[in-house]
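Each of the two complexes below includes subunit A, the first together with subunit B, the second together with subunit C.
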Partner chain A sequence: MEIKENKKDAVLLLELKGRLDASTSPKFQKKILSVIEGGEKNLVIDFSDLDYISSAGLRVLLLGAKKLQSVDGKIVLACLADHVKEVFDIAGFSVIFPFYDATEDAIKSFE
Partner chain B sequence: MKNSSIAYKMILYILSCALLILILIMWYNYSSSRQTMFRELKSNAGNLTSSIVNRIETVLQAVQKVPLNVAYELNNFEFTKEELIVLVKGMVANNSEIYGATIAFEPYGFDPKQLYFSPYYCMKDDTLSFTYIGCEDYEYFYSDWYQIPKILGRPIWSEPYFDVGAGNIVMSTYSVPFYRTVNGERKFAGIVTADISLSWLQELIASMKIYETGYGVVITKNATIVSHPDDTLIMNHSVFSLAEQIGDTNLHNVGKAMIKGEAVFVPYKSIYTGKKFWQYIMPIPSNGWSVAVLFPEKELLADVRKLTKKLLIIGFVGIILLFLMVNLISHSIAKPLTSLAKAAQKIAKGDLNAKLPPIKSSDEIGQLTDSFVYLENELKKYIINLKETTAAKERIESELKIAHDIQMGILPKIFPPFPDRPEFDIFAIIEPAKEVGGDLYDFFFVDDNNICFTIGDVSGKGIPASLFMAVTKTLIKATTAMGMTPDQVLYKVNNELCQENENMMFSTLFYAILNLITGEVLYANAGHNIPYYISRDGELRFLEKTQGMALGVIENVRFETKKTTLRKNDSLFLYTDGVNEAMDINYNEFSMERLTKTLKPLYNESPIEIINKVIEEINTFAAGVDQSDDITILVLKYFKGSRD
Partner chain C sequence: MAIVQKIVLKNNISEIERLSNVLESFGKENDIPQKTIFSINLALEEMISNVIYYGYKDFEEHLIAVLLSYEDDEINITIEDDGSEFDPTKVSEPNKDIPVEERQIGGLGIHLARTLIDEMKYKRENKKNILMLRKVIPSLC
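So, the complex of A and B:
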């Protein structure tokens, strides 16, 4: 899995590419925790190129969201493929994260 | 020999280089000394030859003067017979070089009554002897020595000849014509001669020391040999006749060069003897004869050759020394290398205590040996380390295996679990992935008529997932015992799991209780895949969704209990996402579509049959690709009163 980092004003855009499963989520966890520790509060995660997410990936997102909660930040998800969104729906996590169909909208949501 | 390659190469390269250098030096030395030698030879030979020529010339000129003076006097003065005899006597007596002399008059030229008048003195056995030459047998005025100068009107040296009367001495005669003026007319009157023996010439030439076998040769204008170390040739041969006789064209060319009257320095190889010479040819000005001095090339070059030979010997001794040195050095390099190589092979085979050759010097070999010692020690350390690490890893792996076994052990594994209950059949399977996963299922009687069954999936893998799973399972069972509705159970378990869940582990869970009398199923769902309802008449559908979220994420989340009623022979199919997300080699998922299609014809089958069939389909689909997630299925079939 590849993670591309892009800073847009007060928002940090993380673009994921590949599969976010039990074997790749430690890398994603390391990344997300380090940017949060680095002071980032507003995270947009672009799922355009993400093919798959497992429960391990969901856990990292929840962990990120929880960490940001304490500093008044949040994670916004963008461009989820249907089968990826479904994973959130089944687990009942759709209520935890805001979803956007376009990355720009996700970024604008912080304004 | 293994170590011969370095030694062999060094010896080969160094020695061939040295040999090449030696040969070049030899060649250069030989050719340059040869050149120097020839340069010196040429000037020395020139000096030598011209000194010989000068000496001959001096003699000849001294001799020439005598008849010239006499002729001068005869030209200008009248002499009596007695006076003439005294004059002739004086010529011989006063000049040691002159062997004989005469004043030969024209027929009847001195005395009209006398046909011949030619008083002759010569030295015979160191005493002067007198005679008149001219008789019927020897009409001297027809001789060459008389005729040629008379005709030419100038003095001339005769060709050499044997003077039989004087004792086989080779002679040459200088003839000077003299004249009388009669009635104002200058008229030829006769010839004054001086004979010289050529033995002094031969002695002179013979006295020259020209190396061992060098020699001098004198020839006349007509190429007649007058001086030669081989006496038999003298006067008997001209250079040309000799050349012809022995078939030596080179000699013929030498003859040509000699009678040309030029001074030259030329090589000459005798075809007859095969000997090579360098010869200096120089003319004698007085009589136009020619002197050739022959220098034998072999002797000329003897010094050069000797020097070259000595150099060669020194060179070869040097090369042998070099060979020994190179051999020594290369073996001193190769030997430790060979023992190093042997030690390295031992090390490679695992003998880390292989003895390395002692470090004797700090040169490259010493450094290499040092590196090997270092390598061996590091390898030892590494192996020890590796052994420890491997042991640790094996311990962890075994502990993981134990954890896995414990995890699996807490799931009910005996089927049929309730052989004395004919109202239902239940079968479950968990196909664990390689790594310890977090799937769970469970079923147990709440009371005599109600059976609780559940399936869940903990996020992630490994020990944390399996611990979380164990905790969840335990909480579910404990909480169920409190006699609450499914949504209440999940609410309570969720809040318990949310405590101290720093890592945001979570578990999806489907929870249901079946009343075995009525077939009524109360269920609640915490973010888990909704089970299939397999109707006895072949209808296949999902249970109705309920509100909820995976357990352990957010406290006080509300769950919802829904109800469905199983008819006799209806089944519920509970599964984890390991089923629909099972993948083939191209990351294609087994998918809900394939699962639905697989389940559709199985409505008449028993739970174990249904599960086996689904597993079989998944295995066919995955085609040997390693499972990435646990695959867990639980099927419950309701028979109401009894199975028939």
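So, the complex of A and C:
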């Protein structure tokens, strides 16, 4: 899995490419914890090029969301494929994260 | 006649990547819809990562055998491991009354697997866990 990082004013955009599974989620966890530690509060995660997510990936997102809650920050998700969104729905995670169909709208939601 | 493929994985989490590669080519070679392969991949990852993380008390290498069988719009999968006895069909569903943020994260993978698969059966035989999964390929309209 590849993670691309892009700073847009007060928002940090993370673009994920590939698969977020048990073998790749430690890399994602390291990244998300390090940007939060570095003071980022407004995260947009772009799922356009992400084909797959399992509970290991959901756990990392939940961990990030909980960390950000205490500093008044949040994680917003953009451009999920239908089958990826379905995993959030089944897990009951759709109530935790705001979802957007376009990255620009996800970024604007922080204004 | 059924199309059969066997995959033998080590109890190392990096094997999840190899599993997904094998499933992807199995799907392509046999024209199985991508969504079906996605569901099977997710269910297998959840069940096998449980075995890798919690199934072994020693630090030895163990093998987990996965057998795929495709026939008559149905995929049957058997996962066989020599880890501690564990029947995932006995794990209760997540408590919907507790906010999802506060729920025990442990049962989540099993819940995903159960939802995406049509049938899950378990037996313990010769000190092995044998888990059988069945996925019906939905017919296209």
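Following the convention adopted for this analysis, the second predicted complex is superposed on the first by the 111 of 111 C-alpha atoms of A that agree within 3 Å, B and C clash if a C-alpha of one lies under 4 Å from a C-alpha of the other, contacts with A are read in each partner's own complex, and residues count from 1 in each chain.
Convention: a contact is a pair of C-beta atoms (placed from the backbone, for glycine too) under 8 Å apart; a residue touches a chain by one contact, two chains touch by 3 or more.
The structure presented is a predicted model; accordingly, all values stated were derived computationally and were not measured.
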Combined model on subunit A where subunit B meets subunit C, clash or fit: clash
Which superposed partner A:A91 touches (first subunit B, second subunit C, both, neither): both
Touched partner set for A:Y52, first subunit B, second subunit C, both or neither: both
First (subunit B), second (subunit C), both or neither touched by A:K4: neither
Partner chain(s) touched by A:K66 [first = subunit B, second = subunit C, both, neither]: both
Contacts of A:R19 with subunit B and subunit C, given as first, second, both or neither: both
Steric overlap of subunit B with subunit C in the superposed model, located at which of 546-554, 564-572 or 600-608: 546-554
Common interface residues of subunit A - those touching subunit B in one complex and subunit C in the other: 19, 21-22, 52, 54-56, 58-59, 62, 66, 87, 90-93, 95-96
Residue ranges of subunit C in contact with subunit A within the complex: 13-17, 20, 35, 38, 41-42, 45-46, 49, 94, 96, 100-101, 103, 105, 108-109, 111-112, 115-116
Subunit C-facing residues of subunit A, complex: 19, 21-24, 52, 54-56, 58-59, 62, 65-66, 83, 87, 90-93, 95-96
Residues of subunit B that touch subunit A when the two form their complex: 435, 457-461, 503-506, 508, 526-530, 548-550, 553-554, 557, 577, 581, 587, 628-629
Contacting residues of subunit A [partner subunit B, same complex]: 19, 21-22, 25, 51-52, 54-56, 58-59, 62-63, 66, 87, 90-93, 95-96
